[in-house]
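The same subunit A turns up in both complexes below, where it pairs with subunit B and then with subunit C.
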Partner chain A sequence: MGKILTRMGDGSRVEMTAAEIQQDLEAAAQDAAERANVPSLTDDEIKYLLDLYKCKDRVVGVEEGKECCLTYDNMTSKIKRAHIPISKIQQLLLFERGLGADTLELAHIDYSFKQCKHVVQYEKPNMEQAVLQTIAPIFYGSMPNLGLYSVPDGPVANPGDMLPLGKIEESKEAFEQMAEYAIKDMVYVGSELYEKAGADGINFDTTAAAGDAEFYAALKAAEILHDKYPDMGIEMGMSGEFILGLHSEIEYNGVRLAGLYPQDQVKLAEQAGVTIFGPAINIGTNESLPWNLARSIVFTKACSEAAEIPIHANLGMGVGGVPLTLTPPLDALSRASKAHVELCRLDGL
Partner chain B sequence: MSEKIFKEAIEAILKGDTDKATDVAKRGLDEGLNPIELMDKGFIQGINQVGDLFETGRLFLPQLVYSAMAMEKATEIINAAIPEEKALVTGKVVVGTVEGDVHDIGKTIVVSLFKANGFEVLDIGRDVPVERFIDQAEKFGAHIIGSSTLLTTTMAMQKQLEQELKKAGLREKYKTIVGGAPVTQRWADRIGADAYAQDAGDGVKKVKLLLTA
Partner chain C sequence: MRAAGDLVARMQMTRGMRIQEAKAYVADRLSIAVSELTDPVIMTEVREDLQIGALTPLPECAKGIEAKFRIADVLGIDINCVQRFKTKTTHQFRR
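Here is the complex of A and B:
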């Protein structure tokens, strides 16, 4: 067999032999398994992935009966971002009726809860109208984005300025203050959209991008919202394979958050009342797609097996074995989607 | 005896214990150990382990900062004991987040890990105009200019930095390294940067390569 055309993590085309692909698959699976202390891929799973890359079809899909939900984040900016003049509600209708989305998400273009707080009274009529015109469950989505609560964007001193000076305790206090501000904003926005505008749920997207304190804030906000509204849908999408320990000692329900991998993240999300969890495994742009995909599968599969709530893995620009390009190539996106759904038994993407 | 000292040096860095690192460095030199050997087999082994643990989520940023502080002190003591011509080549690096971008978590991690690896680092902060990168590099006597960006919209500033360095006739004076979530090797090649770092650990490796190139 000749060389197989695939890609690197930055989307560039590369030709590899079957043996080279197999080597990358095995090495990446082993690396991920050791990092997260979870099982590696079986020989059958490696063969499955190798066959996926040997297949010359431009686009692949899941077997009949293995279809899953399709959910999207930041839905109401995606079409507009392509410079197509379209309203938020039209975008939701397009996703639902034209693109087969199973859940919908109304979002503000400045996709952070802190910014959404200021426009929540404008977002509520949008949500009311959207709920009346669509059938699928609608989330209101945004990012916790803890960075916005520190200088120069917020009231708290910036831990990034203090850490290099060795002011460790001060930086921890700053992270804790930022978390408290973020919790208030997330609970406020979630309550307004759910209780007063009819949203079916809330999505905490790209959670923990600012580390363990941000994960804590999102968990705590989910817990408060779940206590207030037991039937509320709460989705939590993550931002990386493990929780960055920028505070390093912050805990939720007695568990230290720094360094947690997806199979442990999801257990805390369950305790907080989250109803859909989305692990996110970032791509290595210097490695091949087979390497990246095998790695993502190991982490996601362990998460899926540990979970008692639905898992909708993040697959898109630079996550889940999809290259870091503005528009994901279809060959790569369809292979990553098929492999994740079939090997990790996902409930959704 | 030397093996025991090397082990203690590794432990001091792993624990981020500046007092112990200072004591071990002084004791090792007093006992007649070769300073470069003490660095290579002791402290550098320790900081390499710190980097590996950080990369896999088993050691965290505050601990990394403590380890960097301990390493800085040990390097200072050992460098003072080495004849000037044999002093450890560490290199001076200016690091900042480009103009229009206030994301600095990744940059903070890079700065800590660079310091931990013995580089002299000038952190010029976030939202830094191109002119300031150049001005600060000139004043600091930098060997390398590192720029970070989280946003696709501010990546162009890395390209502008390359262009401005050329305009000022300074491009050959500095090595440049770029990083940040949307940045790739392809981007680095396209704008003419000398290196791309995927993460902080990769940045350390690339800076070492640039310094010896």
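Here is the complex of A and C:
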């Protein structure tokens, strides 16, 4: 067999032999398994992935019976980003009836809860009107984005300035203060959109981008919202496979958050009342897509097996074995989607 | 929305059901087979019959909140905006 056309993590095209692909699949699976202390891929799973890359079909899909639901992040900003001048309510109608979306998500263009707080009185009428006109369940989505709570964007001293000076305790206190501000904003925005505007749920997107203190803040906010509104749908999508220990000692329900991998992250999300969890596995742009896909599947499969709630893995530009490009190639996107759903038994993407 | 994805997603969101459980629940409530949930031809007929909204709703078909009233009834769940609609329209609104 000749060379197989695939891509690198940055989307650029590359030709590889079957042996080279198999080598990348095995190496990445082993690497991920060792990092997260979870099982690697079986020989059958490696063969499945190799066959997926040998297949010359431009687009592939899941087997009948394995179809799953789709949730979205930053949905209404996608249309805005393309500079199509239509309202957010029109965008939601377009996603629902033009594109057949299973779920909808209203979002503010500045996709952080802190920024949404300022415009919540303008977001509520959008949600109020959207729920009258749409049929699919609708989230209000945003990011915890803890970084916005430190100087120069927020009121708290910046841990990034203090850590190089060796002010470890002061940095930890700053992270804890930032978390408290973030929790307050997330609960406020979530409550307003759910209780007063009729949303079906809240989506915490790109969670833990600022590390363990941000993960703590999102878990606490989810816990408070779940206690207030037991029927609220709460989705938590992550920012990466590994919780960065920028605080390093912060805990949730007695579990230290720094260094957790998806199979442990989801257990805490369940305890907090999250109803859909989205692991996010970052792309290595200088590695091949087979390498990236195998790595992502090892982490995601362990998460799905540990979970009792639905798992909607993040598959998009730069995560889940999809290249880091603005326009993901369908050959890559469809292969990553099929492999994740079938090997990880996912509930959605 | 092309078939039954929104209905299955509702059970995932509100009840935390995993995909196979959610599909089985929805299929049972619609009195169809699980394999029919993803067939847009069958589901368009089912959705029109049950008045639970469709991708291309014909005149006189339930739309928007009307369809969600029916979905809440068919799936046996509370939908937040449906409850809110009832409160706003059947009780004196108090802040």
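Keep in mind that, in the parts below, the second predicted complex is superposed on the first by the 349 of 349 C-alpha atoms of A that agree within 3 Å, B and C clash if a C-alpha of one lies under 4 Å from a C-alpha of the other, contacts with A are read in each partner's own complex, and residues count from 1 in each chain.
Simple rule for what comes next: a residue touches a chain if its C-beta (ideal position, glycine included) is under 8 Å from a C-beta of that chain, and two chains touch if they have at least 3 such contacts.
Source: prediction; values computed, not measured.
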Examine A:Glu308 and indicate which partner it touches, taking first as subunit B and second as subunit C; both and neither are also allowed.
-> second
Which partner does A:Leu132 reach: the first (subunit B), the second (subunit C), both, or neither?
-> second
Return first, second, both or neither, reflecting whether A:Gly154 touches subunit B, subunit C, both chains, or no partner chain.
-> neither
Return first, second, both or neither, reflecting whether A:Asp200 touches subunit B, subunit C, both chains, or no partner chain.
-> second
Of the partners subunit B and subunit C, which touch A:Pro164 in the superposed model: first, second, both, neither?
-> first
Looking at the overlay, what does A:Asp347 touch: subunit B (first), subunit C (second), both, or neither?
-> second
Subunit B to subunit A touching residues, read off their complex = 56-63, 65-66, 69, 102-105, 107-108, 111-112, 115, 123, 125-127, 152, 181-182, 184-186, 198
Considering the complex alone, what residue numbers of subunit A touch subunit C?
-> 64-65, 67-71, 96-97, 100-103, 131-137, 194, 198-201, 231-233, 235, 275-276, 307-310, 346-348
Residue ranges of subunit A touching subunit B (in the complex, touch as defined) | 9-10, 12, 35, 147, 152-153, 158-161, 163-164, 166, 168, 171-172, 210-212, 241-248, 258-261, 284-286, 318, 324, 326
Considering the complex alone, what residue numbers of subunit C touch subunit A?
-> 1-2, 5-6, 8-10, 12-19, 22, 34-35, 38, 52-53, 55-56, 63-65, 67-68, 71, 78-81, 84-85
